[in-house]
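Listed below are the structures to be examined.
The two complexes that follow have subunit A in common; it is paired with subunit B in the first and with subunit C in the second.
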Partner chain A sequence: MKRPQQLNNEINTAILFLLPSFAGFVLFILIPILSSFLVSFTNYSGSFAKIQFVGFRNYELIFSNTKFWKSIYVTLIFVASSVVFQLFLGFCFALILNRKIFGKVIFRSILFLPVVLSSVAVCMAFLFLFHPTAGPVNNFLMSLNLEPVPWLAHKDTALMSIIIVFVWQSFGYYMIIFLSGLQTINPALYEVADIDGASEFQKLVKVTIPGLSPVIFFSMIIALINAFKMFDHVFIMTGGQYGGGPADSTRVLAFDIYQNGFLFWQIGYGAAESVVLFLIILAITVIQYRFQRSWVSYDIV
Partner chain B sequence: MISSKFSMQPRRAFLKNVIRYLLLILFCYLILFPLVLIISSSFKTEKEIFSYPISLIPENATLKNFRALMENFPRYIFNSFKITISITALQVLTATTAGYALAKLKWPGRGFIFLLYVSSIMIPFQVYIIPQFIIIRSLNLYDTHLALILVSSFTAFGTFLVRQFFMTIPDSYIEAAKINGAHHFYIYSKIVLPLSKPVIATLTILSFRYWWNDLFTALIYIISKERKTLPLGLADFVSEYDVYYGPQMAASLIAIVPVVVLFILAQKYIVQGVVGSGIKG
Partner chain C sequence: MLKKNVLLMLLFFICTVALIAGGGGEKAAEAEEGPVRVIFYLWDDPAYPPIIDAFNSSQDEVFVDAKWVSLNEYEAQISTLLAGGAKMDGYMQKRSTDIFAHYNNGYIAPVDGLADEFGFDLGEVSDYRDAISIDGATLAIPFRGASWYCYYNKAIFEKAGIPTPDTYVENGEWTWDKFIEVSAQLKEALPELPYGSFMYTWGSSNVIPALQNGIQFIDANGKVDINDSLINSYLYRKELEERGLIMPLTETKVTKTHYSKPFYNGETGMLLIGSWFPGHMLSGRDDGLLEGYEWGDYSLTRLPCDEPAYRTFGNPTFSHIHSKSDKKEAMFKFLAWMGGPEGAKIVAGNGLLPAYITDEVKAELSRILPDETAVKYYTEAKTVNPQFYNKYGSAVESELAAVMEEYLASDMSVSELRALLVKRLEQVAKQIQ
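What follows is the complex of A and B.
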């Protein structure tokens, strides 16, 4: 047993060690998270003198605003498609690179490279590539006698273009996670499957996917949160601070919060939107945790 | 990997292999093409940038695009380095001290505080940016570099990463040092930190990469031209009326080069950061 004196010393030391991080964490992360809810019940627009509690007024305004519903729609389309494509491509290339491949390290590095790059710079490059009249992509399509695509300039294709760039930049991240996950699957399981005469496809479905399921589950959660956070691409590629794409077709919730809170100074309204964003992410995460029991297996060794 | 030669005809296996290599080459091409285009367009005249078919080597290589950046970009680059290095250094300090308290010291409430850190990782920045902005404004720090540095130097993710690593250092090392009369600060700086070079390298690189590339935080807190960072300076092109692609590509190249160098030198640590957050989480 420790004497109380010694335990006290340990607590004092712990406070000292924790303080530099925890003070900042509380002031700039924890308190802001908690007070998001508080601000969303006020009409705050930049001055404390005029601040008033307005109850659920901001939420009523949000839910009766068609722009908000459009933004929810755009967000969900963006999140769903980018998560599916990121994980699918990440998974495929992890499977390919998990084999004997000549030049494996180089292929892996190139596919992962975009993850580390500035998304602003990447978006600048795609703004040029996707230029509707003189861009290289449309020039290429026309040289094949195909119709040019308006890409970022039209409401029907702008969101798709953003999804392409977003997936281009980030599927390598999931590839790396899946690759290291694949290496934890016991090779004996494949040997057993081979002895049983299992086909490649059967091995994929019966061994690889179950073995990788905890990693897939984790990646899904990370990918969802990252997709809900996406902001740079919309800002850079569809019109800057007053943007949001042709006919608001790329106005994701993260961008709408930015505009309402920091451009139009409807801070209470923006805070209410951010609470909604938080609740959506929370709901999806909880559903995923509930749902995981049916497909994630942690007991395969 | 287990070879499947026995269960499949050699021709089919060969064909599958060909498809694999074709996919790899196609996607590597799709990734490298835009990057090569940034490099080559930076040295082209505006007219040549839009000429088709595209020439990868500029016909009349010019530094004009870089000269067009001379007015503002040296300032932006300086600001970006200053802010990124400050944040990275402070993150390493706060994450390792807090990681030590969370992994190697025993005190009541430790589990709860750790849970607070971990759950905050899951919450997107946009959820709490508004109250954080209000706090910074009340501290009279709006439009200062200090604001950016302060809000970014406390990393729940980094603390988590470091704490997980510290957990793998045997407690017996610390007990042994204590018996020899060492204080915790001595143990932290002379025993634990030297053993933790890999995780410190990972955190340094991930955090440098993140804050070098960050647009959103800078967009919220910085408004004056002379205080802007490189991504903010780049974003200014978007709202300009006369769009010239040459200087944009040159500026993008400048933004990309430092992280690419970092990537080439320290890919191992970046991958470890990605995997470490993924698998052990």
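What follows is the complex of A and C.
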């Protein structure tokens, strides 16, 4: 039994060690979030000298603006597509690389490499690859007598191009997470399944996926949040500060926030949009947490 | 345990002191003797370094410490720098309509008092007074004039056997229909020529007929102001793209093709761009970028125009003194030099149209422009309509560009286009108060 003095000292030490991290959280996350929320009720445009409280005016403007709804639509399409493909590809490659195959360590490294590359470098590389007339991808397609794809140069294909690049860069991260999850599944469960005559598909559905469900749940949360926040791919690949894709086809909400705030000096309006984005992400995360009880199993391994 | 806590607190204290001391280092450095150093932000146009260098070497009272920002990201970066309170004494304004937001936010110091103190005659740039004044205060000194032109490659026209655009100008035939027709003639005569003409991605580049007509898009009272000249702008662009006479707008954006590239490469017969382009041509010549033609093989003339009397458009380029600068006099000396007769000669010598035109400036322009036709049209007196010139301007330009992309990628009818333009402009007027 520790003496009260010793306990106090240990608590103080713990607080001291946690202080820098907590200070960083408060300074760089909590305060900006609260500031955004407060600024969203003002007409702040870069100078505090002229700032005025405008109530819910920014929110009224947002919800009556077609550009905002288009951004929401594009964002939802992007999120749904990219999350599904990231998790699906990550899961498939994790299953493959969990087996005893030649060179699996090398393959793991290669597939994880895009995750650690700079987004700017990746996007610039794909801009070259996806060049509508001189890009290697279209040249390859034409060599196979296929029609070249306009990629980023057409409203019907621009968002798909961004999704391809985003998924390519990110799925390796989830592959590693799923791989580590697969290691924790008790091999005895597979032996029991073999004894019971389960097929490979049945083992996948009845053992692997339930065993991985906590990891899948975690990956879904992270993938959704990252997808909602995506900005740099749109910015770099669709024209920089005047981007947003052909006919705003890749104009995600994060990009709309950036333009309104940094280009048009409507910082209060942009802050209101960011609050809306925050609430959307929060709502989806809460819904996920609520429904996880029905399919996430923490006691299977 | 107590020792550990004391050690931790000591480390924290040292870090804090180091941070504060680091911030003070800059102030210590500034206390040195010598010319007054002013921090000036501007974008990385190739014509600007010689202007800065010329000022710095022409006197020893003021040294301009130029901070270069990427041309493509300048608007957003300068917004961040200004809102974040970055240390600066002055900056160049790239998107002239931002003067309204900057003035509203208190970033800009009026120059009237300094002009009187140093005897700078603002009347010499009175042509641009409206563009640099708000509420009676003069907020900037322009150093570049405003005008757009049709630049053309004489070698291409000669090869195609087609009269150059100045011929149509002289005959009073240089309309937008004629511009499209000439673009088509070039492509027909020279199938290997990628484009008959080239227009850039900016909102202004694509609504030139409307700007020449003088509509405000959204007037100062927040009312939408459009007419057929704006609709025609969209129709002309669509025709040019559908007939393959121009690089598609989205392709230009996606491939990040700078407007100089097709002209340097001899891939277009004509280019519609502003008065700063001779500076780019000088750089292109000096860097050996001109392909298939020589320096003297390009010229310029008026824009195509459907108006009864010729008019072009443009806003002057100007610079501001930052309101929080403690070196306003030094900054003013630089801006007054750049916008005055001495600076105008250097500006002209670098292929830019100065705001301050004198006989010496014209002589300098004669030296750097390729031929007499170019000098004639570059320096002629003309009506220059301001573009998007009110607080809605920045958002209007962006909106017009977005609608253009939407229109080009769809089968929208003219009435649908008009309705969409009105709707989008009304939303801008509602959003920006």
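Definition applied: the second predicted complex is superposed on the first by the 276 of 301 C-alpha atoms of A that agree within 3 Å, B and C clash if a C-alpha of one lies under 4 Å from a C-alpha of the other, contacts with A are read in each partner's own complex, and residues count from 1 in each chain.
Basically, contacts are C-beta pairs under 8 Å (C-beta built on N, C-alpha and C of every residue); 3 or more make two chains touch, one makes a residue touch a chain.
Not measured: the values here are computed from a predicted model.
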item	value
Of subunit C and subunit B, partner touching more subunit A residues	B
Which of subunit B and subunit C A:96 touches, first, second, both or neither	first
Partner chain in contact with A:239 - subunit B first, subunit C second, else both or neither	both
Partner chain(s) touched by A:13 [first = subunit B, second = subunit C, both, neither]	both
Which superposed partner A:259 touches (first subunit B, second subunit C, both, neither)	second
Doubly contacted residues of subunit A, that is, touched by subunit B and again by subunit C	13, 127, 131, 239-241, 258, 262, 267
Touching residues on subunit A, where the partner in the complex is subunit C	9, 12-13, 16, 43, 45-47, 49-50, 61, 64-67, 127, 130-133, 150-155, 237-244, 246-248, 258-259, 262-267, 269
Contacting residues of subunit B [partner subunit A, same complex]	1-2, 4, 6-8, 20-21, 23-24, 27-28, 30-32, 34-35, 37-38, 41, 49-50, 52-54, 93-95, 97-98, 100-102, 105-108, 110, 113, 116-117, 120, 122-135, 150-151, 153-154, 156, 159, 184, 188, 209, 212-213, 215-216, 219-220, 230-231, 234-235, 237-239, 245, 248-249, 251-253, 255-256, 259-260, 262-263, 267, 270-271, 274-275, 278-279, 281
Complex interface listing, subunit C residues touching subunit A	1-2, 4-5, 8, 72-73, 75-76, 79-80, 82-83, 98, 101, 104-107, 201, 248, 250-251, 253-256, 394-395, 398, 401-402, 405-406, 408-410, 423-424, 427, 430-433
In the complex with subunit B, residue positions of subunit A that touch it	10-11, 13-15, 17-18, 20-22, 24-25, 27-33, 35-36, 38-39, 44, 89, 92-93, 96-101, 107, 109-122, 124-129, 131, 134, 136, 139, 143, 168, 173, 176-177, 180-181, 184, 187, 190-191, 194, 197-200, 215, 218-219, 221-222, 225, 228-229, 231-232, 235-236, 239-241, 253-254, 257-258, 261-262, 267, 270-271, 274-275, 277-278, 281, 285
